[in-house]
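In what follows, structures are represented as structure tokens.
In the two complexes below, chain A is the common chain; its partner is chain B in one and chain C in the other.
Moving on to the complex of A and B:
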């Protein structure tokens, strides 16, 4: 009995005297929603966007309205880790990185190489590698983070959400998470890409607290162009059309829009609702070749021409037209990657490796050169499914004076 | 023991009265016989009962058969008065009218005479021991002593005020019997007998408690219940050596398998239909006089999550057992997981949820663990107050509880609304169990788990859970593993464990009870004709 009592006492003491190791109360944490990394004069400029929970939550007494939802702190230092620790001299609370939604890399950092920057974020146990990585195009990451948006109180959430919707509905935007980026960086025969975000309008007005209160927002953030890397260094940008072509090839495209001019003034718009790409690569006679096969489905979205949609011939003609346009986009983006960036952003090498591992062994040593002369066969098959609520357009029937 | 002859004229035999002997003789069962003098006997009884004022003594003279003097003793309030006046009448009045065989042999045996011709009652027993006399008088029987005889009669006249059979107040159901046990043992056994009309339903009664002499009945179906369990119940009841038993809870504590465990290893119920169902499964019921709560052994863990209604509603209703099991985990783990996640594992929360909880915690002065402890404690206080307070002040508690503590504490920023929500959900789930005795261990263990969560986070919670699981697996109830039929697993018994399959699929009695006769039914699957019956 006595021994039992001593044992219980020891257990209780063990429990109570350890204290609460690693305990962090929620109101002692500064929840970091976004991190921006720029390079200025050879030093890193680390910006962290910290959410102010009191300012975000919808409170019925309206107290939340007066507080700002976020605070962005930035610090210059030689190393990222050092910067993070140094930031605590400015922030009232301990920085908490588990809920990062986006990492914004300044264009300068991307051009000079991202590997040192990413290692820390990939290594630290507190950081989950499932946040999106984006590039600040023609501006700094700090500027991107300080833009306020009228719909989303937290800029990081705005970046995150418009990235996801843009990817779903338009196709020129791609969402890449940190682990995905690193996988791309490491795997043979593929190079990473990241989407760029830029500021439209004046940075000064965008970061002003009044910006969200205007009805017509003069300054905003916009995703545009895809940054192409060679290893960990940014080489250049695909423009919007090329980006859509890139999405077609890499099977990231959910939905987009293709326009077909039918005469000088009027156009016909096709909505692509589904696209599936199949890549096949082989080494034939020592020469690598890749076949891109796109199967897409679309609806007629907008018609301003005098054509008869009730005829199947018209539909077939339209399908050929759309195929031509898609093929053009794909051809353009491949050529740009081959000739201008010499970067296999599509992962064609990976495709060859997967389909023809023995052939890959032969070409992998000089893949960079081989990629530049790679023959790509493009095969596009489009099916138009629906023409919307109405058949032919009413526009050609409008009375003319 | 038969009636010994005694003569009216022969009153020489004198009782050798040793006071100190019989008083301490409960264990030794030493018989103390009567003197043949009625007056002396009556005096002894009165003296021994300290002239208690509720003891009624009467001496009547029966003229008819040679002046027999008969002493009548009973305790007022415990007897049926009409019965007493009835037989007094038959002794004093009808005796005169009756034609008594003037057989010499009979005239010399007034006891036989009285018994055979004058006692118009059903239950009459011969009495020749003073202890027996006290026992009879004090439990509501009437004792008849006859001048010149060293024996007497016990006449069954028990009747006292009781509540009657009332509606269930604790284990309520929507569909099913509404009868509940009452305080009277006889009523309770009758309630069970009315449900099982079978000669194999056996009942054994003993008196436990040196002072209280409380009647305790053991009920089982012979040929269904495991003989070993019956024997074990008897053995454990016989072991009890205590001054008093006031409630079946006293018995429960004295006969349970594990002396130290928060979990109940004996099932208790106020519902006769639950007891009947348990008996049919092969359990043994222990009924205690003076309480409407009946014990049922062996008990298993999942039994406390089963309601009699599970069997009365259609079988899909049995899915509610899942809900109860879920609420067991919420009630046990709700606050501790909340504390663990908000103080150690913030990364496990979805970002928006984290922000909304963080916003609520802004400005709260206590750590989450202290906050949760405080609210849980407050809730327990409210619950305890709700049970103990006089009915008349009931509304005051609910106003103070709901308004002042819930609303005002949040308004004042002392606790966060999220904590209040967690504590409320926990409170609601802890009322889901059909058996109150299971909610007690959960209430207690909750605090331990909060402490573990506050010091070690989820690791602490799970270590606590594992320890709990191990403990549960070591428990037994009258030889049956407490976690059966889950551990050890018995597939056949799963038909009535977490789910309840249709009654026509439950062919066998639970195997973990080791019933002597395990077949419950033969093929009963509804088999209506395919064509219309018209």
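Moving on to the complex of A and C:
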């Protein structure tokens, strides 16, 4: 009897407790790949890029190609959360935010202040902390999200991937996730930065669905410059060279190239394959001091002139040259941050706090002024190891008539 | 009375370890970092000493009264009425601890995983498992903890190993910039969790060899401290003190941040099994102690009859303890430690001292 009762109970439970309370089937979800936030006339313009599974899947007969892989919806609203919910009046499915890859902030939002915008994405349980935050430079986030790329069907994936590759191979691009940005906002003596992305070419043609099929692409998205913030407001941009200098200082640089002029009109290119930066900061006699030490390793990558690479002496001379280049880049970016933006984007204050907390107590109250006059000692040590598959270039040996 | 079940010292050791890790693995990183910031790991390190002292106290007390539970010998020591009063105080503590943790699991699931599911459903389902476990008795429960322990170890070290590449050592600097005061502030909350291990004193008479049980008690809390120190340190190393403080569940966020080679990621729900295991053990031990203790104090023949009605009350108490999250945060960070101090330190010391005096005067 008891056995039977247990059996019946188990059967009833099995029926009643299957599945989840708030289950959402995959075909009811609109998977958001990217979110863009702009500010228009004091209101937020919220754009979401939703993936269209039918358009992504490549079918054998090529039928998949006719559908667009993404749809971008946008909605104006006074608040972000309100905007997201109001978007459901346009989208056939409920928005699902767990797969966001990038958050694009319009330049206007960044200039007016980003803090109100970010809280929801930091707080909501559905949003995971592993997406990148980027800035739309000279354009709106909506425009950025509307651009189609020939290689990646989903613009959000294109943004995500070229961010990662650009950071690894060139160094003017930095990938910042939301929690890093917030950490920079919260830590004393450090200001946040975000990489900018912009549209190259005429804007009108890019959003046309035919763009990927065209042979030569007239508009493309391009990462360009690093936006420097003061608290949560964008102050200005580091250009490409300065951005590489910034990456050197903050130890974000994996690999890049440095060009050295070797005679009147030709150059020698060095590939930096590894760079390590060590920062040290102290307060000496009431004056803050920061030392930046860069240890880099490189190879000779491209030679377009007559230079005798068979000699070690030449290599040593080249090392000094590269060191000079890197030092220049670093000096330029620091000067720009000090004089133009008054923003400690490198976190020098944080470095002083970490190495000399007592000294930091003395300078932190007027750190803005102290940073502007901060003396930064820069040490660069470059070691060149290899010259590639060949020693000397073939160029000087080309036969002359 | 206790079902005549006996557990081995090894099982007791695992019970202590999982019990102390319990809900602490979820809350300790942000609670210690709130005051100690990047020195949170030092707050946790101090806990090793405190854990050692506390469990030595509990072991000493238990060894003086072999084969009697703390509820029984408080009657022996303090007399029938005062003893019974103390016994009921202890029981209330066991029960409130169990309810609070049940609420924690409900809050965790509804905050991080299933926001729209009513919390009552989660509480009732989890309470059902606890009741089933408790009705089986302590011996099977101890065996379950033995079975779950390897899974716990595997998941915990997976979490640490795969988040390790994201460690930034600079996050720990500067060390002790603001002196020891904030570190002790962080330790204050940490100790609240260690004091809860007093609940395990109830299981002490069940262990076959009391001498080994004392050792297992102390070793168990030290190993638990080891895990808690690691999770605290790693949370600060990866997330930084600023973010760790803000998060409701930093350990879960750590798991969310795992991403190896763009394919080994989104495994946070698997990692949540870590605290489902430890919380199950902790709540069940608390619940078992409550049910058994009530039966013992009221001289009932079988504690099993109490398990169902008690579970209903536990679910209601759990719902009532948290009108909202700030209320609970405030309770955990300000009130829980002094409240636990009464049961974890004051009452055991009282029993030890009065018991010692009685023995001496009796001679």
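The working rule: the second predicted complex is superposed on the first by the 381 of 401 C-alpha atoms of A that agree within 3 Å, B and C clash if a C-alpha of one lies under 4 Å from a C-alpha of the other, contacts with A are read in each partner's own complex, and residues count from 1 in each chain.
Going forward, a contact is a pair of C-beta atoms (placed from the backbone, for glycine too) under 8 Å apart; a residue touches a chain by one contact, two chains touch by 3 or more.
Since this is a predicted model, take the numbers as computed values, not measurements.
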| item | value |
| --- | --- |
| Winner by number of chain A residues touched, once chain B and chain C are compared | B |
| Which of chain B and chain C A:129 touches, first, second, both or neither | second |
| Which superposed partner A:400 touches (first chain B, second chain C, both, neither) | neither |
| Which superposed partner A:22 touches (first chain B, second chain C, both, neither) | both |
| Touched partner set for A:182, first chain B, second chain C, both or neither | second |
| Chain B versus chain C as contact partner of A:2, first or second or both or neither | neither |
| Contacts of A:354 with chain B and chain C, given as first, second, both or neither | second |
| Contact residues common to both interfaces of chain A (with chain B and with chain C) | 20, 22, 126, 128 |
| Touch list for chain C against partner chain A, complex | 111-118, 121, 125, 170, 173-174, 177-178, 239-240, 242-243, 253, 256-257, 259, 265-266 |
| Residue ranges of chain A in contact with chain C within the complex | 17, 20-22, 125-126, 128-130, 179, 182-183, 186-187, 353-358 |
| Chain B residues touching chain A - in the complex, by the definition given at the top | 342-344, 346-347, 351, 354-364, 367-369, 451-452, 454-455, 457 |
| Chain A residues within the chain B interface of the complex | 15-16, 18-20, 22-27, 29, 31, 33, 51, 53-54, 56-57, 59, 64, 96, 98-99, 101, 126, 128 |
